[in-house]
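What follows is chain A paired twice: with chain B in the first complex and chain C in the second.
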Partner chain A sequence: MIAEEVMQFLVLASLIITAYLSIKFKDLIACAISLGIFSFLLSLEYYILQAPDVAIAEAGIGAGLTTAIFILAIRGTERREVEE
Partner chain B sequence: MDVWFLTAGILVLWILISCIRAILGPTAPDRLVALDTINTLVVASMIILGVAYREVIYIDVAIVYALLSFVATLYIAKYLEGGP
Partner chain C sequence: MKMSKIVRTQSGFLYPFILIFGLYIVIHGHLTPGGGFQGGAVIATGFALVVVAYEYKDVRKWITANRLSLAEVTGLLAFIITAYLGLGSTFFRNWLANSGSIFGSRVPPGINPGNLNTGGVLPVMNLAVGLEVLGGLGVIIVYMLNYLKRGEESAG
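Right, the complex of A and B next:
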């Protein structure tokens, strides 16, 4: 099926883009948001590969809890990453 | 049956367009809105793929995902508001 192949290509391209952005940004809020988008797309990729239980675990732990814990950590420290 | 995969492919293309907003967005609220848009599009494409694969259990994954995934958006919005 050509449509499924194209869809998987687009998801994997978005995964690579957001994974690069999450290490490139200096604003740590933007990094956390980019990592959240990465986790959403990884969950969609598991879903396309027909593993819905792994997709539930990835959505709950990765997208929900991890981003919230990152935000709590950023609230306790600095928002901007300082240049060495 | 192939038309459902085509629909899901178009939705994934819109996710890629929302990733462009996450790349270019100058402030954190722009990226947060991009995250929320991608969240909604992922839930929609999961339901469309559940129709495409002819599996009822996949719809439950989308329901759990929609219930869990707003927590990240809520925490980031609460941080950007500047509360305690």
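Right, the complex of A and C next:
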């Protein structure tokens, strides 16, 4: 039980770190990868909370498809965020 | 923009495994977590991996919006036709369960590891939903890619 709580604390702390990094990076592909890691950690959290069905959907769509769509959109525009 | 050779080789290596895993989730939808939607999303992720890793002119020969729309329409039609086939008694009746034919075995009583050949119309509908979700999510990616292509042509 203690191990599960420690695991949840680590996953939630990593969620906050990856969410902060995804708005902090200036390289937009790094932001997209960071959001992919965010979705993967969220699916891990769903699995710890015993919802494997939602975890598979989150891993497939959040970590896989949205990252691909973001990378395709970055390909069509600029890769680096510029300061105005 | 072209991805490096490492990315292309790895995506070509991983692609069949992702497809098989997605098909596993779809076909075991009535026994294990997951089902048509999740399995279809995983298969569409495999397509997205190839589309991102390779250039568009390499993949547009076999990943086209028309084929993916066809998959979507086929899945939706198969779902609703399977539902209407039970109309002898009610809409959505499980007319295949316990019939002895495909997906029609009797469910063993008690705790058991799960027999794949049960469930009646549920596996059929899971396959239909998987095909539909694969088509729908694939169409999004292909349309994103089409607009990208148009922008490159106008820029260059």
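In the analysis below, the second predicted complex is superposed on the first by the 84 of 84 C-alpha atoms of A that agree within 3 Å, B and C clash if a C-alpha of one lies under 4 Å from a C-alpha of the other, contacts with A are read in each partner's own complex, and residues count from 1 in each chain.
Note that in this section contacts are C-beta pairs under 8 Å (C-beta built on N, C-alpha and C of every residue); 3 or more make two chains touch, one makes a residue touch a chain.
Only a predicted model underlies this, so the values are computations on that prediction, with no experimental measurement involved.
When the shared chain is aligned, chain B and chain C each come close enough to touch A:75. In the superposed model, A:65 makes contact with both chain B and chain C. Once the two complexes are laid over each other on the shared chain, residue contacts for A:52 go to chain B and to chain C alike. A simple residue count on chain A separates chain B from chain C, and the partner touching more is B.
In the superposed model, A:42 makes contact with neither chain B nor chain C.
Of the two partner chains, chain B is the only one that A:3 touches; chain C does not reach it.
After overlaying the two complexes on the shared chain, residue contacts for A:13 are found with chain B alone; chain C is out of touch. Once both structures are placed on chain A, chain A residues 52, 55-56, 60, 64-65, 68, 71-72, 75 are touched by chain B and, in the other complex, by chain C.
Remark: chain B residues 2, 5-6, 8-9, 12-13, 15-16, 19, 22-23, 28, 31-32, 34-35, 38-39, 42, 45-46, 49, 53, 57-58, 61, 64-65, 68-69, 71-72, 75-76, 79-80 touch chain A in the complex. On the chain A side of its complex with chain B, the touching residues are 1, 3-4, 6-7, 10-11, 13-14, 17-18, 21, 27, 29-30, 32-34, 36-37, 40-41, 43-44, 47-48, 50, 52, 55-56, 59-60, 63-65, 67-68, 71-72, 74-75. Those residues of chain A whose C-beta lies close enough to touch chain C in the complex are 52-53, 55-57, 60-61, 64-65, 68-69, 71-73, 75-76. By the touch rule above, chain C contacts chain A in their complex via residues 1, 25, 33-35, 37-38, 41-42, 44-45, 48-49, 51-52, 137, 140-141, 144-145, 147-148, 151-152.
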